[in-house]
Amino acid sequence: MTSASSSKLDFISSPINQALTPERKVELYTQMVRIRKFEQSALKYYNAGKMGGFLHLYIGQEAVAVGTISLGGADDHFITAYRDHGHALAVGMGMNECMAEMFGKQTGCSKGKGGSMHFFAPDKNFWGGHGIVAGQTPLGLGLAYGLKYLGKEGCCLCYLGDGAVNQGAFHESLNIASLFGIPVVYVIENNGYSMGTSQERSSAFNGCLAQRAEAYAIEWDVVDGSDLYEVRAKTHIAMERARKQHKPTVLEIDTYRYYGHSVADANNKKYRTPEEIENYKQNHDPISVFQRRLLEEGVLTEDLVKSIGKAATNEAAASAKFADESPAPTIADISTDVYWETDHQTAASKVGHHFFND
Amino acid sequence: MSRILTYREALREGLDEELARDSNVVLMGEEVAQYNGAYKVTQGLWEKWGDKRVVDTPISEAGFIGMGIGASMLGVRPVMELMFWSFHSVAFDQLVSNAACVRYMSGGLCNCPIVVRGPANGGSGVGATHSHLPEGLFAAFPGLKVCVPATPADAKGLIKAAIRDNDPVYFMENTLLYGNTGEVPDPEDGDFVIPLGLADLKREGTDVSLIAHGRSVIQSLAAAEILQNEHGINAEVLDLRSIRPLDVDAILKTVKKTNRVVLVDESKPFGGVSAMVAMLIQEHAFDDLDAPIKRVCSIDAPAIYSPHIENEQLPNPARIVAKVLSLR
Amino acid sequence: MSRILTYREALREGLDEELARDSNVVLMGEEVAQYNGAYKVTQGLWEKWGDKRVVDTPISEAGFIGMGIGASMLGVRPVMELMFWSFHSVAFDQLVSNAACVRYMSGGLCNCPIVVRGPANGGSGVGATHSHLPEGLFAAFPGLKVCVPATPADAKGLIKAAIRDNDPVYFMENTLLYGNTGEVPDPEDGDFVIPLGLADLKREGTDVSLIAHGRSVIQSLAAAEILQNEHGINAEVLDLRSIRPLDVDAILKTVKKTNRVVLVDESKPFGGVSAMVAMLIQEHAFDDLDAPIKRVCSIDAPAIYSPHIENEQLPNPARIVAKVLSLR
Amino acid sequence: MTSASSSKLDFISSPINQALTPERKVELYTQMVRIRKFEQSALKYYNAGKMGGFLHLYIGQEAVAVGTISLGGADDHFITAYRDHGHALAVGMGMNECMAEMFGKQTGCSKGKGGSMHFFAPDKNFWGGHGIVAGQTPLGLGLAYGLKYLGKEGCCLCYLGDGAVNQGAFHESLNIASLFGIPVVYVIENNGYSMGTSQERSSAFNGCLAQRAEAYAIEWDVVDGSDLYEVRAKTHIAMERARKQHKPTVLEIDTYRYYGHSVADANNKKYRTPEEIENYKQNHDPISVFQRRLLEEGVLTEDLVKSIGKAATNEAAASAKFADESPAPTIADISTDVYWETDHQTAASKVGHHFFND
C-alpha cells in the first residue's frame, strides 16, 4: 500500500477538475456516499440471511469507481470483476434493481440470475460484473475493439484487482491492446490483497504492478485512489489517449478495502493488522478526504453532508424494502435468458431441441 | 443450378457472402489474413476485404476469443478461427464461462453473436493434443450451440446460419474433409442457408440406423454401401449436422423405422454426443428398439500418432460394418 | 472403532496422513496455507507442515497446475486445490493436454501422479461461472481419473487412494457437503484407503435403482426414504464414488436386481456421467430393463443465482420422487 | 532479426568456453552437423510419404540447442515445444529412435505414439516435445520446482518460440518463477516468425521480447544464436544463477529457420524475402560460423569437416533404414501407455473399468 505523500501534487488544478462545477462536485461526493450506504445496507441484509453466495464489499475504494466513471461520455464503456456494486451505482444503476438482484428477485438488474457478482446495465454502457478472476480483461479489450470497429470515439475502462494481474488472459489482452491499438484503459484497483494474500506474496514486480505494461510498449501510471481529483486527472489522460490515439493505458490505483475479501472472509483481521485498517480509515478514506476537501472549498457544508448521508441511508433502506417485497423468480424463469433466439421465439428457435429437460 | 465445390471452397463462399451481407461480420484468427489460413479456408478474403474485416491475431486464443466476445456484445459479429479446435483448451474459460453464461447472468441483457470455427478431427497424424473432438463437451453447456457439417453444401449452409444466429455457435470442421467435393447450390438461385437443429437423412434404409455427425457420416455412408453390397443389409444414415440444437425428432423417426441403431461418433467413448443420443433414444423410443444401441467410437486412448495405425483408432467402414453385423 | 467426522475433517485427516507418509506429497493452491483454505479443508496443515509442504500460489491456475504436472514427472506428488473446480476453465489445457496426454505421447516414459481437488457443485448461490460440475467432462479424457465422494469416510478413503495413484486423479468435493458428518474409521485401526473404481451400495432396495454420485447420493437417499414411507417403493441407492475408473459391474448388478433405473446427476442434462451410465446399461443390460432409464439432472440452463429458486434447478428429493413415480 | 555486429564481443574468452577442450569443440560441431543431416534426411522421407502430420525443421537454429544443452550437468533438465529434433539429439538421443518415431514405428522413442512433435527421453533429462504453443512453459517451471523441492542443485532450460511469448501461461509461469525463486531458464528461440507472422506483427514490445521479464524482477539477456560461444557464455550465467541462487532468467536467443514453419508451410517464401533467407545462410549459419571459427583455431581441418559431414549423413541414412524396417504399432498398442497403473497391472488397475471400448 503506497499512499499519498505529504508533498504530493494537488490535482484540482488539472483541467478536467477545473471544469467541475460545485454541483457536479457535490454529485460525485453524493455518489460515493450512496455506494457506501448501499453496501452497509447490503451487509446488514446479507447477515440477516436475505442473500446467497458471496458479498464482496467495495467500501474504502469508492473514489476509484466514482472518479473514473465520472469521466465517461456517451461512447465510453465499463466492465469490472465481482466487486461491482460501486461501478454499478456510479454508472447510474438504481439501488432498487441492484439490491433486488442480491436478494435474488425478479426485479433485480439480472432478474435474480446473476447475484452480487453479476450486475449489468448495457443501456448505461456497463457490461458487468464478472466472477472469474481476470476473465473480464479480454472482454474489456473486445468492447474497446468494438468501439474502434464501429467508428466511435470512445474507450473502455476495464477494472481488475491486484491479484488478477497474474492471470494469463490479462497479459494476452495487453499484448493485443498494444499491437492493435485498442482504446482500452486497464484499471488495476490495487487494494493490497487478493483474498488473504498480500500483493507481495502474489506478485513479483519491480516498482509496481502497472509496470508490466512497459514491456508491451503501453503507457502506465500509478494513482492515489484516496484522492478523487487525482483519480480523475490521471484517468482522463488515459481515456483521451485511448479515444484520440487509440492507445491503451494501464493505471494502477492504490486503494484499500475495509471489510474482508467477501463477507464470508473470517480471516480478514488475521492477514492484516487492525492498525493498517485503522490508518487507512483515518487518513485515506476517499469519502472523508473528498468531504474535507469540499468543505475547505466551501462546496459542501456540514448540513449538506448530513442531509446527503441521510438521503443515501434512506434510499438504501427503501431499496432493501423494495427488494424484500419483490417477487422471486419462478421455476419457469430458470429456463429463459439462455439463448437469444429462444427468448425471442425466432424461426431459428423452432428448429431442433435447444433444451434437454425431460 | 448447383456447382461442385470442395468443402473448403463452400465454407469460404459462405464466409464471403456473409462478409458482403453484413459489415459487422469480421473474421479473426491466427494466420487467417495474410497467410490465407493454415488450411486455406479464408484464402483470398483478406485481399478482397482488407485489414478491417479479416484480422490476423497473435497466438493468444484466450485473448482474441475473449476480445471477440466483448466486441459481439456491442454488435460486432466476430467469426473466429481456431487453427485447430483442440486449442479450445487455452481459451476454455472464455468459451464456456463468458460466451455461454453472459446472457444468463445478465438476465438477458447481453447477447453474444459469435462464431468460433476450425477443424476438429483425428486421423491427420498430429497426435493427442491436436486431435480433440470437443462437440459433446461444448454441447453440454446450455447457452452454446454446436454444429458439425459433413459435406460442402452443409458446410456452406450452416456457416451462414451460424453467423446470422444471435447466440454463440461453435462450428467444427475437419481437415480430412476440406478437400472433399460435393454439389452446392448456386448463389444465383438465392441465399442458401441451412437452419441449425435440422438433421439430414443422407441415405434411406430399412434395416438399421447409422446416426453420425462430421466425418463419421462419410464413414457411415461407405459402411452402408458395404453392408448393402456384401451383406444385403439396407442401412439408413442420419447426419445430425447440428449437435445443439439437436433434431431429436429425426433421431426418433429413424429408430422407429429400423428398430436397430448403431451410433458412429469419432469422440472417445466415455460420454460424447453418442452417449447422449443413446440416452434420448432409449428414453423416448424404448419400445421401438429390437436390440441394444451400439456405438462405434474412437478406441479409448489419446490419439495415437502413427500413420500406420491411426485410422484403426477411429470409426472406419470396417469397424462400423462389424458392429452392425454384431447386432443381435 | 470409528469416529464421527465432518467431510471436511475427514479430507483433512487424509491429506495429513499422506503428508506424513510420503515426503514428496505437497499441497498447493490459492489460500491453502496461511489462510487455511477458502473452505478450511487444509486448516492447520501449513502450521504443522510448513512452507515447503503446503504452498500458497498466486491466482494463476494454468501456471501452478502446470507447475505441479511438471514437478510430478520428476517424482514430486502435488495435490493441488482449485478453490472451485469451476476454475478448471482457466487451466484446461494443462489439465487435458498435459496431464492427460503426456504419458501417452511419451510412449509411457513419463507419468503424472498429481491430484487436483476442490469443490464442484451448485446450490451455494455463487452463480453460473462458479457452479460447473466437470466430472463427466474430465472422465471423457482417457489418461485421467475422476472421483466424487459423497460421505466423510469416502472422502478420506478416496483422497488417500488418489494421492497414492500414479496417474492424474481429479477429485471433486462439494461445498454443501463439507459440514456433513459421518463415521470414519479410526487411524489406529489401520490405514483406511478406498480404491478408485469401486461403487458403494448406500441403500439396498428391490424396486428401483437410483444411481448417483456426489451430493446427488445424499439427495437420492432422502428420496428413497420418502419413496419408502409415502409410496411403499423400496429404492436401492448406488453411489458410483469413482467416475473413472467406473464400477460397471456394480451398475449392472443393481439393474439386474431392480429392473428399473433413475439416474441422478447434478450435471446439466446434455451428456454428463448419467448419459454414459445410461448408454452402458442399455447396452449391457438391455433385457433387464422393464422401463426406459430416466434421469434427474439440473434444469438445462446455466446455474441460476437466486437463493429462492436455485435448489429447484438441482436434483432434489421431490424431483427424484416424482421421476420414480413417473416410471411406467 | 538482430545479428552480430562487427564490434561484438568475442565470447571465446568466457571461462565456460575457455574450459572447452579441442575434442569437446569438435563434439559440439559434430552435434550440430548431425542435427542438420538428420533433419535433411527426415525431410526427404517426409516428402516421400513416410511420415504423418507435421515436420517442423530446426535447420538454422542448431547452435541454440547444442550450445545450451552442452552446459547441462546431471541435474539439469530440458523441455521444449514441437520443434524438438535438435534438442533431442543434443541431449544424446539416438537418431534411430528419433527417426523411427517420425516413421510411426514401435521402435520410436515414444513407440510411434507421439510423432515428430513429441520426442521424450526422461533418462536423459529431456521431457519433450510439446505441441500446444507455450503449454510446456508451466511444465518447465514445474521441473525446476521439482529440482528445488528434491534438494538438487540443477536447473531446467525451457525453450519457447517468439510467438509463444503471447500465451498467458508463459506469463503466469514468469510470475511464479520469480516469486517462488525457481531455478528455471526460459530460452526464447526468436527465429523472427511464428508461422507466417513476423515478430513485429505478433508481439508488442519495447526493445525486445525478453524484456517482459523485467516487470517480474527477472534477469534477462539477448543472445546471438549464430555464435555457439556466445550462446554458451550467456546461458551459463543464467544456469548458474538458477542453480546457485534459485533465480530464473529469460534469454532471448536470436536465430533463424531456413525452412517453412513446417514442411507443409507452402507460403514460406511469401512472408519473407529470399534475400533475408540467403543473408542468414551466408552470414549467420551457426554451423558455418562455428566451422570457420574452429578452422581458424586449428581445431578442425577441412578433412575432419568432410568426414564429420559424411559420418552424419551415413548415420542419418542408417536411421531411416532402421525406421523403415521397424515394425509398426499394432491395434493393441493403441491402448497401452494411457495409465501407469494399468500398464503396470497393479492392484488398483484391477478395480473398475478404466476403458470404455465395447
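As written, the chain order gives the labels A, B, C and D, with residue 1 at the start of each chain.
The rule is simple: a residue touches a chain if its C-beta (ideal position, glycine included) is under 8 Å from a C-beta of that chain, and two chains touch if they have at least 3 such contacts.
Every value quoted in this text rests on a predicted model; they were computed, and no experiment measured them.
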Result of counting contacting C-beta pairs for A-B and B-D, higher pair: A-B
Per Cα centroids, the chain farthest from chain B: A
Centroid spacing, where centroids are CA-atom means, of chain A and chain C in whole angstrom: 36
Distance from the mean Cα position of chain B to that of chain A, given in whole angstrom: 40
Computed distance of Cα centres, chain C from chain B, in Å: 31
Interface hub residues of chain A, defined as touching at least two other chains: 110, 112-114, 118, 130-132, 135, 166-169, 172, 175, 179, 201-203, 337-338, 355-356, 358
Multi-chain contact sites of chain C, meaning residues that touch two or more partners: 58, 60, 62-63, 86, 89-90, 93, 97, 104-105, 127-129, 142-143, 244, 268, 270, 276, 283, 294-295, 300-302, 304-305
Touch list for chain B against partner chain A, complex: 24, 26, 52, 57-58, 60, 62-76, 93-94, 97-98, 102-111, 113, 142-143, 145, 161, 165-167, 195-198, 242, 244-248, 276, 280, 283
Sites on chain D touched by chain B in the complex: 51-54, 104-105, 110, 112-115, 117-118, 130-135, 163-164, 166-169, 194-197, 201-203, 267, 271, 328-331, 333-335, 337-338, 355-358
Residues on chain B engaged by chain C in the complex (per definition of touch): 86, 88-90, 92-93, 96-97, 100-101, 104-105, 127-129, 132, 136-137, 139-143, 244, 267-268, 270-276, 278-279, 282-284, 286, 289, 291-295, 300-302, 304-305
Touching residues (chain side chain B, partner chain D) in the complex: 30-31, 34-36, 38, 56, 58-60, 62-63, 86-87, 89-90, 124-130, 268-270, 294-295, 297, 299-302, 304-310, 312-313
Complex contacts: residues of chain A adjacent to chain B: 77, 79, 108-114, 118, 120-122, 127-132, 135, 137-147, 149-150, 168-169, 172-173, 175-176, 179, 336-341, 343-344, 346-348, 351-356, 358
